[in-house]
Amino acid sequence: MKVAVFRREHFNAAHRLHNPAWSDEENKKIFGKCNNPHYHGHNYDLIVKVVGEPDPQTGYVMDMKVLSDLIQEHVINRFDHKNLNLDVDDFKNLNPTAENIAVVIWHLLRKHIDPSLELKVTLYETERNFVEFPA
Amino acid sequence: MKVAVFRREHFNAAHRLHNPAWSDEENKKIFGKCNNPHYHGHNYDLIVKVVGEPDPQTGYVMDMKVLSDLIQEHVINRFDHKNLNLDVDDFKNLNPTAENIAVVIWHLLRKHIDPSLELKVTLYETERNFVEFPA
Amino acid sequence: MKVAVFRREHFNAAHRLHNPAWSDEENKKIFGKCNNPHYHGHNYDLIVKVVGEPDPQTGYVMDMKVLSDLIQEHVINRFDHKNLNLDVDDFKNLNPTAENIAVVIWHLLRKHIDPSLELKVTLYETERNFVEFPA
Amino acid sequence: MKVAVFRREHFNAAHRLHNPAWSDEENKKIFGKCNNPHYHGHNYDLIVKVVGEPDPQTGYVMDMKVLSDLIQEHVINRFDHKNLNLDVDDFKNLNPTAENIAVVIWHLLRKHIDPSLELKVTLYETERNFVEFPA
Amino acid sequence: MKVAVFRREHFNAAHRLHNPAWSDEENKKIFGKCNNPHYHGHNYDLIVKVVGEPDPQTGYVMDMKVLSDLIQEHVINRFDHKNLNLDVDDFKNLNPTAENIAVVIWHLLRKHIDPSLELKVTLYETERNFVEFPA
Amino acid sequence: MKVAVFRREHFNAAHRLHNPAWSDEENKKIFGKCNNPHYHGHNYDLIVKVVGEPDPQTGYVMDMKVLSDLIQEHVINRFDHKNLNLDVDDFKNLNPTAENIAVVIWHLLRKHIDPSLELKVTLYETERNFVEFPA
């Protein structure tokens, strides 16, 4: 009798897509305007899903306030109003595509959520482009 | 070759979160401002998902008008503009968390939907907090 | 060369519509299910508009962080997770319709905003019902 | 370590629901106002989901620009500002319910997406009625 | 001390843009794919704004339920699931652009709203194209 | 008998808020995390409003396709996937606050819109922060 609970948060960040192993021409060809060396940015919307059985005492799978605070501490404080390529260690050697950002967020949160609870993250880069991990 | 169909409805209700087995202090500590004895309220958005094979005669998994009428009759009429704690029998002995409301709605609808069709409900308490049952 | 700036905030509250000068029958007839004596509730979305000339030093009409903090202090802390009829003095003798809530919010904020700046509030009771003051 | 990527697109089209094997009375009874012989229409919102492992070189499961172009070429150009019953061959002998449109779109895209990638489509006929294939 | 109240409703309709005084080539050139002779369609979102002073007895500028019923009776029943060009007399000799539909709706409602109240309509043809009358 | 028409477009950009006449401490104090020297970014949503009388031949105040193309050519191509501070001449000596961006966009479009038509722009920096010019 498992229930899923979802919490939506957001952050604003700059990034560029770039593979340092490639020439500038290759980067331009593959990543197009997302490769702009001066960066561009997004309002990222993040939905965190946690699945488990509601506690009979509280009726909660997990206290949404606690979940919101965890996301604030481990994700929003780390990413919000930052340049993902320059300011966030996780992307020093990892291209900050929506796919990779979602995987990084999942690992940042996984260690702080009870292991008996399943975890999934959905990340909106724009209203039209979004990703989910794990699929 | 199954298809899922979804119908979104909404209702407005008051509630408070409270466990009568606990002291007032414990309730205040666990449920915070959601424990306000005078109640607070929400615009609940409800999405009902039904999964099955489309009927070759109609092209419908289930007539959305019929599904909408069922939700109106068995859920909206029961919950809309009500105090969930005081006016709705289902919560006489059950804390009206989003998790528990979703489970109650699922049971209210399950008996009126053809057993060959799978059923899932998603309930938005706010734009930022929502739940899904079964997960 | 005036610019308008807008800040959106939200709060969740319970209320009922009721005129104590009328009989129960009249109240029921005029306010319908909104008259439920046990209350119902809403997720209220509030948009505050401030109009003025941008400061040439900052490029701001008004710092949105300052505006957000003012709304938090004078409106959200007063209304969020409250029963408007029972917990909020402004509605002790005033029916908490969307119209009246918007007028109350405007007066709560007006004294804290520079008199050279115009002020307007929009209040969404639901996605389908909303009000604006002054019109 | 699979990730899902999603791309949202839209098109506007006219349609009517009708089963030519039935009498006008039966059609009217089953499909109601959706059977209007002069057609009605919708703004359809389409979300295409593709699941796979991100390419370590790009960090992409699939380039969203490529996915968007495929949807444009094979779906939007075929359906946008069209009468689904009269202008689109796929519905010459198939009732254009949301369920059937979603299945048709899935087949139109499936042949252009790498077979190692899973594919799912969600189609919104309105904000309140939507479908997903495969379920 | 005027307050504006707003009510959002919607309808789904087919239409085409066409000027019978012009050649087919001219129509095609000016209206593009909106000139498709087989029609296309939209989910129209309608917001009706009414401005006046709240009644001190009710706290209402106008009862939203009454406003919603008026829109239903005079606009939605006339336009919903219809072909605007063929089924709605107002467009027999008037091109159903968003601008013209908004003006027609305003006139349909004006006669049923108290003359002391100001009236404005906003019509969304899509999320990206919308109009307001009077401006 | 004027009608307003609105067109919504969007762009994604990086920026930072900074006044070069101030010390780093002052900038940090006034602009907070928006002063990050490595930039952050947003999905900007832009609504352009044009007011005039509908042409009796077309029923259009202004062809939305023409308006969309003008915005694309003069605003989106200039701002999208750019660093506003480094890549856009308009902000070489102007702080790219939402207020200033809106004023710049208005001037970029004003010269390309018929002088008989009124022009207004609304710019969303986030769902919660937006501006309008002229007010």
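A few remarks follow.
So that you can tell them apart, the chains are marked A, B, C, D, E and F in the order they are listed, and the count of residues begins at 1 in each.
The rule we apply is simple: a residue touches a chain if its C-beta (ideal position, glycine included) is under 8 Å from a C-beta of that chain, and two chains touch if they have at least 3 such contacts.
Being a predicted model, the structure only gives us computed values, none of them experimental.
Of all chains, the one whose Cα centroid sits at the greatest distance from that of chain B is F. Seen from the Cα centre of chain A, the chain whose own Cα centre is farthest off is E. Although chain D and chain E carry the same sequence, what matters here is overlap: shared residue numbers make up over half of all numbers found at their interface. Averaged Cα coordinates give chain B a centre that lies 28 Å from the centre of chain C.
Shared interface positions of chain F, i.e. residues touching 2 or more other chains, are given as 127. Every pair of chains in contact is given here: A-B, A-D, A-F, B-C, B-D, C-E, C-F, D-E, E-F. The part of chain C that touches chain F in the complex is made up of residues 1-9, 51, 54, 57-61, 63-65, 68, 118.
Considering their complex, residues 10, 12-15, 33-34, 36, 38-43, 80-83, 86-87, 126-127 of chain A touch chain F.
Contact residues of chain F toward chain C in the complex are 17, 19, 21, 30-32, 94-100, 102-103, 127-135.
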